[in-house]
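Structures follow.
Note that subunit A is present in both complexes that follow, paired respectively with subunit B and with subunit C.
Moving on to the complex of A and B:
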């Protein structure tokens, strides 16, 4: 036991379950960056790196939300529609003269309501998460469309310029605010997942729901919490898209549920639940961003980009399946066997 | 005077119009290991539920820690300070030992988790109890014994006044069972109380201070330690192994059906044995290291590192093992009712399922089905016409599983812990069913971590230890082994 305590930091790092996959994917990311920088000299330009990071940030944020849900063994398909709903509600309110802070607050409340609804449907009423969130996905998209009578909104105007700066255009210490928002959310939710009782409960529910229940974990509350986190992240991304466009667009957040799952799955979040590190989602979102950006630089058509990302998602999930099936079933307790042997002879 | 931790007075519980506990009375003192030997399964589940939680009862009173917590007039539905340790682990595999022991328990108040602090706390507990466990180890990586030890530690940490140990010998090997008993004795001295539920009185004799015999949810008798003897227990069994032990063991064929030739894997080291046609062999794994690999090899989940496996004289590589039925090998899994029956199919379709999977599948024409009914109705009774399997009793479902193999007529039937979780009556039936397979000439291998029941039907015992063959005993040696009880290996080695 003492030997285990004195392991070097690298071994300790690798002992964390899921870290191996994160490091593998991180090496993949590094290789991608090297390849793209060789193919295009402007890939590493200061401007492109800034844009790339800003491009990655929204994917990272929804990836975090989806990662929370995936770790509990569920899925949130409504995340993209909530992005659209958040964008449309905030923009509509702002263009109709509602003060920006109030508009943001109302948007947040509505999005969190969708999260609670998802959680209640899945946890309390036992609706399969795929179906429950498919339903709320359609509802949320419908709300996004109906909120401004099936039209995109007008420009949100100069009064809301501070909002646009806060969420997208502004920068602090040389980094765009979008990146700062993603960073803060990552730090907060990573801490919540890794260092708190709630985090342990989230892993427990995903790993063995029945055992978690018997251990006194409120599995329903935990499930609701992860869906609320997911909706909160989607809400923030909706606000970012609104800030980018300066208006509400009904189809914003389209396909984001796919990007979210991709970011989480590529980063080693197990789609079976109970396993995964949030830092993996950072790597997953980065791979997604680098691929999008890099393939654009080398002139690959959108179709090729989608195919490449799709293949990477499948390979990541396949890797997870292979790792799980090859995991040693039981530790051979040579020590205990030796003790027993001593007793025997 | 000792505190009374649990007192149940004349408790009767009725679920779905069936009496589960019938005028059930028991009392357990502080620092006592009370045994509960169940002649049949009836009432066991209800009792455990009632100890854990104050669910409504039909009649009687329940006192926990000397206060009335449940009676026929009012049930609070609250949880008692009791923990249950059973074969089905309640640990969260993806979390560490420290998290499982400290964080995932009722009453853990801290919100911020400090792994180092938790590991230090755990070290103090494990050092006192003499367990070698690291707080940072993942629960998924633990051996069966370590899992039980962690569950016990968790129960101790959460302050459980009563810990129910249920059929634990199904989960841990004989060596580990002895170690686990030592742990129970340690915590018993510390004032913790245990209800040790098992199906074998021999097992209860070793660890318990008193033993209650339960049948059909009713306590028949309570024995104090001086009364622990085979003779005192005999009247309480409706059937005994003497009733089902085959009268004659037919001579065996000479050609080997299953051969392991110097087989090595991660946990096996040069395992070498050969099982002739028609023989029933028990593979008894004393330390739970060899059997998982042997099962993995036979199912095709694992690949042989060195050596060779042969079935019916032909090599049995991983690809063939994956299509075991087509190559003459059929598995009967542990708890086969859960794992081997298709509840949506009729009895007859379940019965005929394997013959459609054989190398030369038999087309299930109406004539064939009629013939199957004619052949098996005398064995299984009118159940063969049942279309809804949920109407059948456990015994009938066991009949179905074994008769399906009988009908398939493979060269080798590999049974994994066939007696796990079965009551005395069902164990007797399983022995009869295995005998049925033997009479058909099917070679039977029983993979087990507990040989108490398997020796009744076996022709041979192969002892596996530390990944190798430690002993090979013919049936003529069994009386000697049985007299040593369920942990024969110590005395075997001493006498060698």
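Moving on to the complex of A and C:
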């Protein structure tokens, strides 16, 4: 115990499982930033950095939700549609004279219901997560379209200006509120995942559901919790999109579930479950945002941006796979160390 | 006996930082069954992987059928007649037996269409030659594990293997299935195949083995004719020290009743099960594979739903609907298949041990107290003498014996009344087995009830104070350990209800 305290901070950091990959990806992020700042002098302007962070924030938030689900070995495809639903429901209510706080509350309840539904479908009724959330994805998009009779909403108006400021335009201590929201959500959910019983259960379910169950973990409840977290995050992002545009758009959040998977996967969350650190998702979402923003700055068309980002997703996960496939040697080493220990005894 | 068909001389193989094989020599004659023995991590698997081309050797020479072979790879090894049957079955559950046998070597006709009929016929031939009664068109997933193993053997032989490596082939088989396997081995032997047989179950060697080769810590120790040696000599060569008692037995005064199961029913594998457990005794449950023993433990622990029955701990009835209820009532279960049910292999040893004990180390907001967690896990690691570099390594990287200890450690960190072990020594080496036995004895001495399921008869008879026998979901016999013999137990274990009679009655 004493010894552990004395180790230098770097070693202690690297001792955290999964930190190695996060740091590798973080170095990649750093390189990207250097490249873009050399290509464009205004990349580092104060205004762009603020905007960049504000672009990253929503991706980070949905990335957190998806990371939770992925760590349990499941997937949530409904995220993007829940973003759209959250955006449309809140805007429709506000334009129809419902007081803003009430509108937000109703939106939250509906979104969380989707999360509970996903969790119950997957955990209790054993629907494969890909199919279950594919279904709710389609339904939620339908709800987003139907709430305002298949039209985008009108502007949510002056009464809701405080809501727009709160979620997007305002700032606090020099940082946009959106960034604060992402930061607070990250800190809360990082704490939940890393330091609490619920978090430990999430990892255990993802690593070996049967063993977790036999250890007294309520695996159904754990699965439901991660889906609720995921839809909560999507709900918040939906509100942010609503605040940005000042109106509800039916196709908002389109493809966000995939962005969320990308952010989590780049950051080292294993899609097989049981592994990954939430801080990796911060790096993953940042790489995503920096690429979008930086490629835009250097004048790359949207098509090129998509191609580059797609390649980055594959390469970053491929790197991880390559690193992992070399692990058996390491395994042998620890085993023989144990055997060597045997001899001493 | 024939010529040497395998000659490996002075083989060395290093992985970064560790010498896995150090100047190992190994020879096998045609028509010979050679047992390759050693503790976990002794290098047996590495040696066999070199022989089957999975690993390339660093130094040394391999001769197959008298010819020096360089550049061995898995495909080439197979072409030369070396086949390996791994401990874990490598079959596609959703394909048929014939499809599995011909996997990767499918026969195709005109237009690249599969010749299904021909393959089915050939598969049937191969199975027939081995006296295995399986329809080649059944799905592998529908077969019992033992039959799957036979398919695995048929697959290996369909490539005309002359050297067959079997890694722990009996660990999932029942006594009668093992007999079938031995018949096949004897037949292959008479056809001139050389068989390398890796097993921790030393008792079964006498039935088939001609020679033994023993390895320890990556080194060749010795080779002997099986009939010129004794089990204790083999064991002492394996571990490098004498193990005095293979089954250490401690006598305790049997005290009051601490655990009772009354009329437990859960599915058709658990029918009307009644038994009790007293302070200071170890009760073993014997039976054949599929007798309902594991199902009974799972039903008690609340993993699978119960239809009826009462469970009493210290005379008080407890309601167990979920594993958490059982844990609260002081009942622990170390499950059968450690990689499937016992461990989260991607998590650290520390996290595995603390998983069922999180309620003890969390504050009321559910936040884990790291100091308490470290104290709890460090103590468990020390108590069980689990050998590891650090409690933060992945549980999956440990050797079988140490993994099993981690599974046990999970449960011993908290106060318990009843500990249920399901096949606690499967696939672990002799020394680790003895440590597990000692641990069970320790629990017994502390007045904790120990219930233990095992398919290894000598183990059941050596460790238990009382033996229950199950067959077909029912308890069919009970013996005091002293009065039990293998024959008596086996008789009870095969007391199937005569299905013919029932039909007559109808």
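Heads up, the rule we're going with is that the second predicted complex is superposed on the first by the 318 of 345 C-alpha atoms of A that agree within 3 Å, B and C clash if a C-alpha of one lies under 4 Å from a C-alpha of the other, contacts with A are read in each partner's own complex, and residues count from 1 in each chain.
In this section, a contact is a pair of C-beta atoms (placed from the backbone, for glycine too) under 8 Å apart; a residue touches a chain by one contact, two chains touch by 3 or more.
A quick note: this is a predicted structure, and the numbers were derived from the prediction, not measured.
By the document's definition of touching, neither partner reaches A:47: not subunit B, not subunit C. With both structures placed on the common chain, the touch criterion links A:274 to subunit B and to subunit C.
Once the two complexes are laid over each other on the shared chain, residue contacts for A:126 go to neither subunit B nor subunit C. When the two complexes are overlaid on their common chain A, residue A:195 makes contact with subunit B and with subunit C alike. By the touch criterion defined above, A:218 reaches subunit C but does not reach subunit B. Of the two partner chains placed by the overlay, subunit B and subunit C both lie in contact with A:207.
Touched by subunit B in one complex and by subunit C in the other are residues 1, 15, 17, 195-198, 200-201, 203-204, 206-208, 211-212, 214-217, 274-275, 329-333, 335-337, 339-341, 343, 345 of subunit A.
Those residues of subunit A lying in contact with subunit C across their complex are 1, 15, 17, 195-198, 200-201, 203-204, 206-208, 210-218, 274-275, 329-343, 345.
Those residues of subunit C whose C-beta lies close enough to touch subunit A in the complex are 15-18, 20, 39-42, 217-218, 240, 301, 303, 322-324, 326-327, 333, 335, 340-348, 351, 354-356, 358-359, 362, 365-368, 374, 378, 385, 387-389, 392-394, 396-399, 402, 410, 431.
Taken together, the subunit A residues at the contact with subunit B in this complex read 1, 4-5, 15, 17, 195-201, 203-204, 206-208, 211-212, 214-217, 274-275, 327-333, 335-337, 339-341, 343-345. Residues 89-95, 99-100, 103-108, 110-113, 123, 132-134, 136, 138, 140-146, 175-176, 178-179, 266-267, 286-289, 292, 296, 465-467, 489-490, 493-494 of subunit B are the ones touching subunit A in the complex.
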